[in-house]
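One structure is given here, and the rest of the page talks about it.
Each chain carries a letter (A, B and C) given by its place in the written order, and its residues are counted from 1.
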Amino acid sequence: MIQHQRAVRVAALVAALLLATTGCSGTGGKKAEQAAGRLGAGVADTPRMKVAMVTHAPAGDTFWDLIRKGAQAAADKDNVELRYSAAEQAGDQANLVEQALAEGVDGIALTLAKPDAMKAAVAKAEAAGVPVVAFNAGLDNWKDLGVLEYFGQDESLAGRTAGQRLASEGAKKVLCVIHEQGHVALEARCAGVKQGMPGGSVENLNVTGTDMPSVRSAITGKLTQDPGIDRVITLGAPFALAAVRSVKDAGGRAGVVTFDTNKALVAAVKSGDVRWAIDQQPYLQGYLAVDSLWLYKSNGNVLGGGQTVLTGPSFIDRENIAKISKFAIQGTR
Amino acid sequence: MTDPLIELRDVGKQYRNIIALHGISLRVGGGEVTCVLGDNGAGKSTLIKIMAGLHRQSEGTLLVDGEEVVLSSPREALDRGIATVYQDLAVVSLMPVWRNFFLGSELYRGVWPARSLRVEEMRATTKSELAKMGIDLPDVDAPIGTLSGGQRQCVAIARAVFFGARVLILDEPTAALGVRQSGVVLRYIAAARDAGFGVVFITHNPHHAFLVGDHFVLLNRGRMRLDCTRAEITLDELTQQMAGGDELTALEQELQRTGT
Amino acid sequence: MTQTRVAGPPAVADERIEHVAPLRRLLVRPEAGSLLGAVLIFAFFFVMADSFRKPESLANVLYFSSTIGIMAVAVALLMIGGEFDLSAGVAVTTASLVAAMLAYQFTLNVWVGALVSLVVALAIGFLNGYLVVRTGIPSFLITLGTFLMLQGLNLAVTKLLTGAVATDDISDMAGFGSAKRIFASEWDIGRVSVKITVLWWIVTVVFATWLLMRTRVGNWIFAAGGNADSARAVGVPVTRVKIGLFMGVAFLAWFTGMHLLFSFNTVQSGEGVGKEFLYIIAAVIGGVLLTGGYGTAVGSAIGALIFGMTYSGIILAGWNPDWFKFFLGIMLLLATVMNAWVRNYAARR
């Protein structure tokens, strides 16, 4: 690849300029990354269509990146032009939907983090005859809004599942780390964990997700304050990795488990630092959202037959990690 | 009269098509105070800027120690012993007196990057230099902002003197001060004069000028309206001239009529 | 006419300022108010929270304070010099992203990545400073611009290069071990884990204090912030001082970025937003004047410590951390009121 050659040339130049001697790493890095093929499997011969995806993703979040990758994979395969956009405020999301309609898209995939704010925009799409599917957030509301299909995980169900597993492992006192204060889905997860382990206690801890040292410090503080905590459950992969360090700092023996995964987390599960992760398969959510619109447009199919299509929860632990880690390194799990 | 330290001959300044200053001649010798008087917009600040090296004159010549020079920067003016003390930017008020005194010319020891300030020496020097000029500060570590306005001006002048100035250009040093504070500064000007410095005292207060001045130059609309020595003029005449001469008389009559 | 010739200057005894009492001398110190605050907060949590008294808690407080404090020192110096840097928070992330991505994408020794990142960080600092002194536009606006630009670049370039929003794990690459020893080592003393950033923080504060109080540059920093025109009039190179201060912030942003990278192995591209205010708050709590020309490096350290103690203290007391921001607000308010009061008291003649 030309890009790769240029990269090597720049690398050589930089190395020569700066270190002159041993500038290269013998281990790790891009070279060590497996050049595994993408999920692509040819391109459909259906006419080119345009799909807009509007989400409430915060910028630079690893979880949402997987959703986007899944959506892009489906778009590539289905001969779809994907317009991805995200805004954290509900009002802005509604605007993005209307903008997409004005552009004349053939389908819209969106998240319903704040369903009420999206009502008008969804109704407008319906009136214009543009199919709308929802994913990730809005489990309880998508039907009311007249959305065609929904792909996601029941957050409180996922929480309960996690809680049940924690209880079965003998956990008595769990710390649930919320990295985005006031986020409904995250609160629902922690509430679910509580319901899942009626015998134990669950305490929530709000931290600032954009500031890793403060996350680490807060969890360390909490563990020091309450040495009885025997499990820390985080709601995002990067925070689980910070929690692992906190546990060490506090000199405690609390085990770390988490919701959601990323590449680094898969390695941590492999090494045993993180016991297990609840996976809602974000890649699949993104993929299905786009693919379903293509199916609906080209064949009139409706996935789930009017019911929620659940993409989770499933567990990633030492049992199945070998199977998944290959995909994680590839950046799709 | 001694040989002039600084002399201006027919100096003028044009900004594009505006003549800010024209035909200005003045001389300041050691131990003399030359007062430049003028209303706002008379060209006083342009004159200061030329002597301070901030602007170049567009006509005429500037002589320092009898030698014709072109001052291209404030630094060069300082190097030739011409120091300008501006009314509003004399000191940094939150900094201690001694730090202000040595600002820009700090004493240090050691080689870079381990240079450090000779703090004690600077403190002592500041105290003694100010004492020499009659300002006795118990604490040179106090922020200079805690000093009175007159004292602040004096510190700024003492600083210029200490760093080798022979000609002091004082821009409205008494303008923002009360009577008592003005007295502090005027005493200091007199002290500097008696110590052999040449002083250019820019002011719009003829009373202040007359207290210390040897020569008086009155600017009006960029031209010299008056140029005389102390022997040639009285305070009343100076005040009259300064206030616009006949204009003032007319104004006085007009106001009296409407007032009664 | 020969009247009112002023004879030699008499001693102007009535102009003397009164003798300064020892208490006032102490209160004049810019960090006096914050020091008092820090002692009170420490005592408060010491009494209220059992776990606050544990040595590991103290280590935790110091660690968190140091991650803020190192940057707060540079930000305090910049603020004393009369400028702001709103890009300081994301610049930290930029530095770690550049180092991580360069090393990973080109499979280089991580030290190469770190050095290139240093160059990039200093360039950003220089650009900030240059634009501020050249255009004369308030640094608040200039750095707001670079803040947004960096935030966008962090996200976009990371996505472009890695195809993801976080950098890849570089912990298995050459040079990582030695870099980690410099930027992120930890020692276990008994049950207490001491982090190297605390040591670097102390070094930074000591150096900055020396720079401010005992060098020409320090004098110039105060002057540039206190009254730039006066400073220029007496020959202080204000332009160079200000650009240097921005580059100082950039240097410590790089350092903090390296700490993040080598202690967490990966960096998310969205991190760091909002931290610029923490640095400014720490400096202000520590007695640095918002308008410049006044403050100390030690003050910024106390500010960061107050921050760390409050943050951890609330958790250690078992309270809901939702209250943290509220307490922080109170602290900031008290500190600023206290500082204003102290300054007026000190300046009263």
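Everything that follows uses one rule, which is that a contact is a pair of C-beta atoms (placed from the backbone, for glycine too) under 8 Å apart; a residue touches a chain by one contact, two chains touch by 3 or more.
Every value quoted in this text rests on a predicted model; they were computed, and no experiment measured them.
Participant: Which chain has its Cα centroid closest to the overall Cα centroid?
Facilitator: Answer for the innermost chain: C.
Participant: Return the chain whose centre of C-alpha atoms lies at maximal distance from the corresponding centre of chain B.
Facilitator: Following the centroid criterion, the farthest chain would be A.
Participant: Quick one: chain B and chain C, Cα centre-to-centre, how many Å?
Facilitator: From the centre of chain B to the centre of chain C is 41 Å.
Participant: Can you check how far apart chain A and chain C are, centre to centre, with Cα atoms defining each centre and the answer in Å?
Facilitator: The mean C-alpha positions of chain A and chain C differ by 34 Å.
Participant: Please tell me the distance, in whole Å, between the geometric centres of chain A and chain B computed from their C-alpha atoms.
Facilitator: 71
Participant: Using the touch rule from the top of the page, what residues of chain A touch 2 or more other chains?
Facilitator: If we look for residues of chain A contacting two or more partner chains, we find none.
Participant: Which positions of chain A touch chain C when the two form their complex?
Facilitator: Result: residues 7-8, 10-11, 14-15, 18-19, 22-33, 58-62, 64-65, 69, 181, 205-208, 210-214, 217-218, 220-222, 224-226, 238, 241-242, 245, 248-251, 262-264, 267, 331 of chain A touch chain C.
Participant: Would you tell me which residues of chain C are touching chain A in their complex?
Facilitator: Listed in rising order, the residues of chain C that touch chain A are 49, 51, 54, 56-57, 59-60, 63-64, 67, 102-112, 115-116, 151, 154-155, 158-159, 163-166, 168-175, 191, 193, 260, 263-266, 268-275, 308, 311-312, 315-318, 320-322.
Participant: Under the touch definition given earlier, write down the residues of chain B that touch chain C in their complex.
Facilitator: Where chain B meets chain C, its residues are 74-75, 78, 84, 86, 89-95, 99, 102-106, 108, 115-117, 119, 133-139, 142-143, 145-148, 150-151, 159, 184, 186-188, 190-191, 194, 211-212, 230, 234-235.
Participant: In their shared complex, at which residues does chain C touch chain B?
Facilitator: 1, 4-13, 15-17, 19-20, 210, 214-216, 218-220, 222-223, 226-227, 229-231, 233-236, 289, 293-294, 346-347, 349
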